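One structure follows; several queries about it will come next.
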Amino acid sequence: MSRLRPVTLSVDGTAGAATPVAPPARPRAVASRLLPRLLLSPAVITLFLWMIVPLAMTIYFSLIRYNLMQPGESGFIGLANYEYFVTDPSFWTAIVNTLLLLGSVIAITVAGGVALALLIDEPFPGRGVVRVLLISPFFVIPTVNALLWKHMMMNPIYGVLGQIWRFFGARPVDWMADWPLLSVIIMVAWQWLPFATLIFVTALQSMNREQLEAARMDGARYLQQLRYLYVPHLGRSIAVVIMIETIFLLSVFAEIFTTTGGGPGDASTNVAFLIFKQALLNFDAGVASAGALLAVVLANIVAIFLIRMIGKNLD
Amino acid sequence: MAFLELQGVEKYFGELQAIKGIDLTIEKGEFVVFVGPSGCGKSTLLRMIAGLETVDVGSVWLDGRDITKLPSSKRDLAMVFQSYALYPHMSVYDNMSFALMLAKTDPAAIREKVERAAKILNLTPYLQRTPKELSGGQRQRVAIGRAIVRSPKVFLFDEPLSNLDAALRGQTRVEIAKLHRELNATTIYVTHDQVEAMTLAHRVVVLRDGQIEQVGTPLELYYRPNNQFVAQFIGTPQMNMVAGPDMAQFEGGLTMPVPSGGYLGLRPESLTLGAPGTGQVQARVDLVEALGAETLVYVTTARGTQLVARQNNIRTLPHVGDAVGLQIDSAAAHLFDSHGRVVAPAMR
Amino acid sequence: MAPKPPITAALVGRTVAAWVVTLVIFFPLGWLVLTSFKTELQAIAVPPLLFFKPTLANFAEVQQRSDYLLYATNSVITSVISTLLGLAIAFPAAYSMAFFRSKRTRDVLMWMLSTKMMPAVGALVPIYVLAQTAGLLDSRLSLIVVFTLSNLPIMVWMLYSSLKDIPNEILEAARMDGASLWQEFRRVLLPLGIGGLFSTGLLCLVLAWNEAFWSLNLTSAKAGTLATMIASYSSPEGLFWAKLSCASFMAIAPIVVFGWFSQRQLVQGLTFGAVK
């Protein structure tokens, strides 16, 4: 038997046909990077401007004396605007109101949202309609929301709440006058409850059903299931809801503007409204800018945590 | 020049060199299979031929034309993707006629071609359905039909059978082989399954780590592997490899001494079991796998070497723990040096 | 069809509780709608009327107000145009990030999302000053610009998510079939991506329509939207609740309905994908 040489075309190039042209070490096709950058640029440029220009201007204005009614700018006054904003008698009230507003709405929406989500998690007759009705308040224009409550519900004489109070023999509450901040809290919470509910409903749907069944077979009662399974699973979405609401609720404005005008006095003024007052009622752009920067810093802190959480979800 | 030729083709992903210099020629009408372990670069190479990945160094020639820098849409190649990649919003008919429609082919001609391909692939009753409404096997045939309709210069298959269940896989493999005979189309087929490689290919290209280990007909690779990698990649169960000092027990029948640091390769069918005391080596049975037409017997020699022997049609199965004598067919033994390269096979 | 769940006490309790809570929460809206069909006297009736003879007079009266049509038009124009403009800018960006992914794609995306996290009040003074300087106070253009920029991050994010779901191999198959970049876009990408485009547009339309902060601060008589109109709704005759309800109803109805259809996008869009 003869020995057969195995046939190979090897890397050594022993059987190569044409000699390859000596190319550059690792040519990168530059042209193929151009198209994606071009497509991305309008969005990046506009958002960059949207971020930088107002920020730069705000910083600038916060350091000068600038009245909107007299646009001829006056000189650099350093941190005087900040001092003025912070020493405004309404400043601390505004901070407290903001925190109260934020805290109350978040507490109401998270607790209510979780409860509602758990309630409608399992099927029951009319669930589809219930879902639709429950999310409706979120899509109402904020000014409509405000006036709806101010007149229809909260008016002490003709409003529904007043009538209900009287039905039970109590004296109706003059919400706007006596409890302005609470009124705003009610309006805003009513509007954001559907948002929280929807988030939690979505989160519950991704819950591992088999885990629940295993727990049930292990003898866990509903409250135990809540404590050991539902709440930990919802933990992450609760955190998200809190952060998102914080960011958006820092700027609650329309409801206050339309109903109480920040009052009586400054009882329902929050930081956003205070800035607005300085800017467009006192026309003091300098002080308003100082305040705005403080609000931005506050929001930034929350945003950092939120970004980190989102980043974990992006692949 | 051959029909399809790769010259010094290299590819880098960042710092990593995925394809390390490939030279390959493929003749018209050939069915070539790229096979290798995952990560060896076979799919990357296929996609470079298709134009879906760039060629960093080297060139690709098709039918006398340099297509290295040509975009996929202009290469006149058809690809069947592993996930089929059917257009979900189009009917089967539209999926298959898409390329012809883009090429502004006359609608009557399109209809004729699509219907002919559908008939070959038994898709005629499904022409108006959308991919959602088809089974996995049907979708796969639509993917093939999409390629056939175009009568491309080369068919490219990227692991087309891996998403099918075992029964369908065997069936479809046969259909693909028949299709190739009918159409006589040049085909490049990528798979990690060496059974597909052995049964479908005219020639097989074994790849590892971005390099060609060996190119040859299936039987060439089986009987005359160039190196240890190819020897162990082709053939199930794997070729027995005996190393170092253990080879002394076999050397009686070999005409060449085993190179130091090297290996002795023995295919399972080159070992025959006999009564204890007979043959070149004594061993004990560890495990018996009775597959019906053949039986695989796993043994351990007195020295501790573990081997697999393949026996056909034995009347009585050995039992675990039995002592047996092994007869080696030295003519079928392979010798490998310490680098894994083959030294001429030993002959008696 | 799956068998209906057995009628247990738990089911009955759950159903009753859910419906009671829902009706209580929905009540203010429902009351708003009812009041739209009342006369002014009926609207302030004590005790409140649940059953009454409905009238369509308010609808006619509100529409006859010369400014209602103007405000409604402004709402439509600003929200539609800002949405279209936003989609035109966002879509190429989302396409680029979904199909030409690079190491920096994730960072760019998160940076874009972060621009949405800044409170609007932070930009009040500069934007007001810019608008004032450009003579664009009380103009639709300024609203369109601000709405577009406010919603852009959400649009990019949502379009990116929906485009990412299109398997890249399908586009490669189109390329193998001979499609040029334009044909690949028009015949494969667009049909598959149109759903995402539409639902993103719908959500952002809702967000722009409901936008009250910038509308209240940058506009007044000429470019005000329905949001601002409602805020200052009053009537010389004194009684105006029925008409206010009616105007409100007309202002919110279509958007609430759109909102029903964009629930899923809402979760994705406003939580920036942090909740799956």
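Each chain gets a letter, A, B and C, in the order it is written, and its residues are counted from 1.
Convention: a contact is a pair of C-beta atoms (placed from the backbone, for glycine too) under 8 Å apart; a residue touches a chain by one contact, two chains touch by 3 or more.
These figures come from a predicted structure and were not determined experimentally.
S.K.: When every step has to jump to a touching chain, what is the lowest number of steps that links chain A to chain C?
M.R.: Shortest path length, in steps: 1.
S.K.: Which two chains have the most contacts between them?
M.R.: Comparing chain pairs, contacts are most numerous for A-C.
S.K.: How far is the middle of chain A from the middle of chain C, if each middle is the mean of its Cα atoms, in Å?
M.R.: That pair's centroid distance is 15 Å.
S.K.: With chain centres taken as the means of their Cα atoms, state the distance from chain A to chain B in Å.
M.R.: Those two chain centres are 55 Å apart.
S.K.: For a test of understanding, state which residues of chain C touch chain B in their complex under the given definition.
M.R.: The touching residues are 167, 169-170, 172-180, 183, 187-188, 191-192.
S.K.: Using the touch definition up top, name the residues of chain A that touch chain C in the complex.
M.R.: Its residues touching chain C are 35-37, 39-40, 42-44, 46-47, 50-51, 53-55, 57-58, 61, 68, 71, 116, 119-120, 122-127, 130-144, 146-149, 151-153, 157-158, 160, 163, 167, 190, 193, 195, 198-199, 202-203, 206, 236-237, 240-241, 244, 247, 250-251, 253-254, 257-258, 271-272, 275-276, 279-280, 285, 288-289, 292-293, 295-296, 299-300, 302-303, 306-307, 309-311, 313-314.
S.K.: Can you check the complex and tell me which residues of chain B touch chain C?
M.R.: Contacts found on chain B: 50-52, 71-74, 77-79, 81, 83, 85-89, 98-99, 102-103, 146, 150.
S.K.: Would you tell me which residues of chain C are touching chain A in their complex?
M.R.: 5, 11, 14-15, 17-19, 21-23, 25-29, 31-32, 35, 43-44, 46-48, 89-90, 92-93, 95-97, 99-100, 102, 106, 108-110, 112-115, 117-130, 132-133, 149, 152-153, 156, 206, 209-210, 212-213, 216-217, 226-228, 230-231, 233, 241, 244-245, 248, 251-252, 255-256, 258-260, 263-264, 266-267, 270-276
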